[in-house]
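Have a look at these structures, which come just after this line.
Each of the next two complexes has chain A plus one other chain: chain B in the first, chain C in the second.
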Partner chain A sequence: MLDKGKIGSLQAVFLLVSMVLPTALLYISAHTSRHAGQDGWISLMLAVFAALAIARLAVSLARRFPGQTLFQFPEHILGRWPGKAVAVLYVWWFFHMNAEIIRQFGNFLVAAFMTHTPLIVFELLIVLIAAYAVRGGLEVFTRANQIILPFILGLIIITNILIAPEIDLKKLLPVFSDSGAVPVLKGAVMPASWLGEIVIVAVLLPYLDRGQKAFKIAVTATLITGLILLITFVTDIALFSPQLTVAALFPELSKVRIISLGNFLERLEAITMGIWIAGGLIKISLFYWAAVLGSAQCLELKDYRPLVLPAGVILLALSVMLHENIIEQVNFLGAFWGPYALFLFQTGIPLFLLAAAAARGLGGQERQ
Partner chain B sequence: MVKYIKPIKIGQGGRRKSRSGRSRTPGEYAQENTFPSMELHDMELHDRQLDSDLQSNLQQLMRILDDCSDVVYREFAPAGDGHPGLALVFVDGLVDKTLVSDQIMHSLMLDAPLVRPGDQFTGDGAFKMIRERLLPYQQMMETGNLGRVIDAVLAGETVLLVDGCARALINDVKGWEMRSITESQTEIVIRGPREAFVESIRVNTSLLRRKIKNPNLKIEALKLGRVTKTDLAVAYIKGIANEKLVAEIKERLSRIEIDAILETGYIEELIEDSPRSPFPTVGHTERPDKAAAQLLEGRAAVLVDGTPHVLTVPFLFIESLQFPEDYYERWVVSSAVRLLRLVFLMVSLVLPSFYVAVVTFHHELLPTPLLLSLAAQREAIPYPAVFEVLIMELSFEVLREAGVRLPRQVGQAVSIVGALVVGLAAVQAGLVAAATVIIVALTGIASFTTYYSTGFAIRFLRFPLLVLAGSLGLYGLLCGLLALLIHLASLRSFGVPYLSPAAPFHPGEQKDMAIRVPWWAMLYRPRLAGTANPRRETAGLEPAPPPPGQNGPTGDEQ
Partner chain C sequence: MKIRFICLLLLAFTAALLSGCWDRKEMNTLAIVLGAGIDHTPGNQVMLTLQLARPGYTLGAANGGEEPGIWVVSETGRTVYEAQGKLANRLSRRIYWSHNVILVFGEDAARQGIRRYTSFFSRSMQDRETTWVMVAPGQARDILETSSVLEDSSAQAAAYLERAGTCYGIRFLDLKVMLAAKGDNPVAPRVEVVASGVTPVLDEEEPVRTKSAALTGTAVFRDDKLVGWLDETETRGLLWLRGELEQGVVVVPSPDNPGKYSSVEIIGMHMKVKPQYDGNTVRCNVKIVTEGELREQQSTEVDITQPEIHAELENKMAGVIANEARLALNKAQEEYGVDIFNFGTAFHRKYPREWAELQDRWNEVFTGVQVDLTVEANLKFTGLTGRRGSIKE
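Coming up: the complex of A and B.
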């Protein structure tokens, strides 16, 4: 095992919540209501179900090969070179996804807070810290997350309570009548691809203290995340109506700006920034770790640490080069990310691997 | 006993080889030995035996202890027939003089003859006689080894040599000037025992033993320091402390090869898990009650002769907020005070950088009236906020450092200069804003509410955070804090995660964290590295008034 750490069940739930929540929180309302309008909450629920299915798939697959990660067992299923190719694809995906996240991170900070600072400054700093965390290993950023996540959840709850007086639930009407099934399904793709990142349990499974609970862990994390996203979406729509939500770059930020409590507690954007930075760090660290671990496992190295800094440079360069500007990124994610992540990496390949493994009768321990 | 290392030829090849790897065997350490002559000296001494001739023994001793003017050689004749042939060797100032003259010399010179009437005088016979009948001491040893004799003399014991016998008697009559037990100067409580450890390891172990009168309190002795030969003791409670932890500590101590141990800090830096961190992962205390409490929680302590500070391991971050008085005062108030400490720990770390970030980048975070008043104050200030705060923080640190170092007589001057020049005058001269002075003062005070070594680390970390906040605003500050959190999460103290039981989170271990629950609810010891005996007390000890009428009238009944 390249990382000697083991994480407990509670830690794993926390980690998986932190993996999805911070990014999704900021973008979910805009992306979902673009297609589904005020019925986005139905899309969200569909997305949660899709994520649960993906979790089931990933756990079933990974459990057939105890002690091996997503980067190792394709070799056993498909043979050495095809298996390696699949593993490399996943390594690429983790790099690519992480670069997108880092770019979103930088874009958000530049667009919302410090418009004159170059993007790379923000990205460099966060990648450096993530590299430090990844060098420490899975256990380290998991532990840090146990301090961070309660703050994030607390702040989200507090903002939603403070915003309550402004809410107008009538904006959620009419239900389903003016959208129909297709837009709702379309609206579900983006959130499903975020929640579907739960496929990472196939990498985490060997590092879980109690591997047999992996599915329970994934389900708990997905439900918590789904619930918070649902609340966020509903309050966003009830505040701004779907039209305004789509128009806003960061509805969550606009929401926090509304809060005013006795002329004393107001302009709390810093809170959103805090959530985004702290949660973003954990998310970036986790995918960074997965990418580096995957590279090391593909190359059959004894230690993944020498790869951390080079991988950081790649991530940074990739994130800067991927898109011209924030609008292009939003459009790219909206148009391609769903099919690319959801149908290829989160469902397509795992399904294919599972089918192949079942057909070849490999790794029968799943029922244990 | 000291481990004496075989001298090995110092070859260049060996040197280079030993530098390359990180973990080295003791043999390789010996190759890097910087005291070959001293080591040889020790070796030689411990190979050499005493002679049966008194004069030759004395001469050997004098040659070795050459130029040591504090060593006394006292030759005298025993009582009875004039056999010339006893000598006492000791270090002046390390022995109890009245004991030496009244007991040893008096009894040997005046009271009893060394030979039973009619027997022939022999050196061995006399030696036996002295040992068994003449010297009334509890602690007495005999040896024929010259090195052992030298060690004993230098450790403050008195060595008696007998002519015609190749053995020496070592009497423990140590007695030197030392500080008496006083109140702790650095860890002060309002309620609780006042005594503190002193410089003598014997007194310190007795202080521990007086608190824990249990055969399972083990105090294992060892010696470290090739030149200083300092006494150390590892204390733990068998059956409560994890055996693996104790073994690990002893193993780490046994790896130490150093010339001197003058303070526990030497040991701390040589045994800690994360030697490059600013945060302490080994605790220290000068309070016996705290040390005893640590032992009872399954920790181990390292006592070092010559310092009143006792090391305790493992040390977790939460201990920075725990103080002995928390456990003596009422729990509700103690818990509130502990929360206060937690808040001010954050304040002392973050407040100046937060101020700088807000004033420089995020004006929108301030309520408008406050913003206006701040702007008015800062109007005439020539420097950017970060520079201003840095200067003020530095001056505060200087004042604090000077306050510790300055002779007590001039201490007054420092506080006057501090209050007037750095505070009032700087504001009036328009060098700094009044708000900055408030911030810096509050920060300075806040850093004293935590455990000293942690406060030290925080003091130091404030400056990088200030620079980050001054250059990147809240983003920089948050990144700094996150890096710090990652760092803290990566630390371990003797294998125990530094942030536990918060991260990794143990629901059952929260009773002594942010809130200190009352003693009747604190049923279990902290898990730490897995204590063998987790139960602290029986359940159901919560006190309550007796049922009405049981103990006579309740007073309401009249």
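Coming up: the complex of A and C.
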């Protein structure tokens, strides 16, 4: 075991919520309503079901190989080199995903708050802090998250209560006749690919205090995240109507800007920024940790810590190089990311591995 | 202990860096915008007028005799941002939009279409969707060049008026939602400079007559182009039909004598639209339910505590309200031919399939919509008096 840390069930739920929620919150409504209009809540529900299926898949797979992570057991299933190739693909995916997240992190801060500050400043700062957290190990940022997440959830609840007088739920009508089955399914791909990041339980499983509860943990986290995203979507549509939600780059930020209570409690954007920075740090740390751990396990090193700083440099460079501008990233994520993450890394490869393991009778029978 | 102290010192020092280096904003380097106006100039350019807060005058400078705490500047450009850039070149401070409370469109700009100007305000990270929007007959600049006696600036005064529900208040967000909806057309309050009052001056023959900005009706748009106005009574009708009336007084003729009146304060209302479509014609059932409080009764003959008189007053009140609503409806259907009541959206919700065919010519359909209006008025309270004391037994 490269990381000696063990995390409890509640800690794991918190971690998995922080993995998706804080960043998805900001974009979810725009990406979902782009296809499904005001019916995006149906898409979101479909996405939650998809994520639950992915969690089931990842847990079933990882349970067959106790003590091993997603980067180790493909070797046992497919043989040394093909297995390593799959593990390397996953390492790449964690790098790529994290680079996209770091870019989104910087983009938001520059686009919405500090236009004259170079993007790299925010990216460098967050990667440095995340590197420090990752060096400390899984337990360190998991515990940090235990303090951070309740604040995030509290702030989300408060903003939704404050915006309540402004919303008009009639804007969600008519149901299902403006969109139809295909747009709703299309709208589900993006949120499913975010919620589907739950596939990371196949990496976390060996580090869970009570591994047999892994599926329950994943389900709880997905349902909490799904519910909050659903509330966010509904309030965004009920406030802005689908047309304006699609037009907004950060619908959640626009929503918070509307809040004006008695003409004195207003300008609460700092809340969104706080959620974004605190939640972003945990999310980036977790994927950073997975990428570094995966690299070390692929290379069969004794310690992953020497890789932390070099990996940080790669992440930073990648995040700057991936996209020329904000629109390019939004388009890339909207058109390409969903299928790429969802069909390849979250369902395709795990399904293939599970089928191969079952066919070859590898790994202990899954125990409930 | 020493190390701790040094750490603490270092930590405190980081506070100096927290504001950031590139995007720091200090109060004393900002020119704070209180109100903004958009006019269309003959050369097809945009004239941007800004009402700025004068440093040192910002609070409590509105007392008579002193200069007002505002300063108004204008500049033209091909785009709003270009005009702002030109202004920025002339101002020693950075233009700061976050405290802007009103956005005024001049009549020409509104007639040309406001979509070409709204983008600047939605993209800006400083400007807010809660800015109040209004339309001036004439130039927006004239509105911003007034001052207020009661408030620090005329922009704030106009914003307070709009927020108080004296007319149909529209925030920038509401405007955007109306512009985006196919079953709706935007409306916005009309703002005019009117003679507002008199400030008596000692030892002078002539007291100072002040002028200020007031909301006097509603501007009606077809999509993003101004097509006409509603006066104050018609604006009330608009509010009834959109179900947005928050306050107001209904003056009802007395049951015994049409020359005498009663005043009823509106304390709550509710409106429901039910469209009906048979493939050819669209009908709309509109039901308005309202609650009021009797605040004034000129007649000394009728006894309001008698149930039949009470009911009659309610009926008459319903009649007055229906009449106001009809005025707005007729003007929208016959004169301007635009749906400003959001009926199209109600139709869309009930007949989503049929809407697909009608949506592009909805305004045309709307002019022929038969509206069945029912008004239910309830008199809930009568102030501190029941029956008038002067009524003889």
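A few notes on this one:
Note that the second predicted complex is superposed on the first by the 366 of 368 C-alpha atoms of A that agree within 3 Å, B and C clash if a C-alpha of one lies under 4 Å from a C-alpha of the other, contacts with A are read in each partner's own complex, and residues count from 1 in each chain.
The definition used in the following text is that contacts are C-beta pairs under 8 Å (C-beta built on N, C-alpha and C of every residue); 3 or more make two chains touch, one makes a residue touch a chain.
Everything numeric in this text was worked out from a predicted model, so none of it was measured.
If you put the two complexes together on chain A, you find that chain B and chain C bump into each other. Within the superposed three-chain model, A:Asn107 lies out of touch with both chain B and chain C [touch as defined at top].
When the two complexes are overlaid on their common chain A, residue A:Leu244 makes contact with chain C while staying clear of chain B.
Residue contacts after overlaying the shared chain place A:Gly8 against chain B, while chain C stays out of touching range.
When both complexes are overlaid on chain A, the residue A:Asp178 reaches chain C alone and has no touch with chain B. In the superposed pair of complexes, A:Gln346 makes contact with neither chain B nor chain C.
With both structures placed on the common chain, the touch criterion links A:Ile129 to chain B but leaves chain C unconnected. Of the two partner chains placed around the shared chain by superposition, chain B is the only one that A:Leu281 touches, whereas chain C remains out of contact.
Once chain A of one complex is fitted onto chain A of the other, the partner contacts of A:Arg267 extend to both chain B and chain C. Taking chain A as the reference, the larger set of touched residues comes from B, when chain B and chain C are compared. Contacts of A:Pro118 after superposition on the shared chain: chain C is touched, whereas chain B is not. In the three-chain superposition, chain C clashes with chain B only at 469-477, the remaining stretches of 343-351, 433-441 or 469-477 being clear.
Shared interface residues of chain A (contacting chain B in one complex, chain C in the other): 113-114, 117, 263, 266-267.
Note for the complex: chain A touches chain B at residues 8, 10-11, 109, 113-114, 117, 121-122, 125-126, 129, 132-133, 136-137, 139-148, 263-264, 266-267, 269-270, 273-274, 277-278, 281. Listing the residues of chain B that touch chain A in their complex gives 361-362, 364-365, 367, 472-476, 478-479, 482-483, 485-490, 497, 499, 502-505. Of all the residues in chain A, the ones that touch chain C in their complex are 111-118, 170, 173-174, 177-178, 239-241, 243-244, 247, 254, 257-258, 260, 263, 266-267.
On the side of chain C, the complex with chain A involves touching residues 20-23, 98, 122, 125, 128-130, 163, 173, 176-177, 180-181, 348-350, 352-353.
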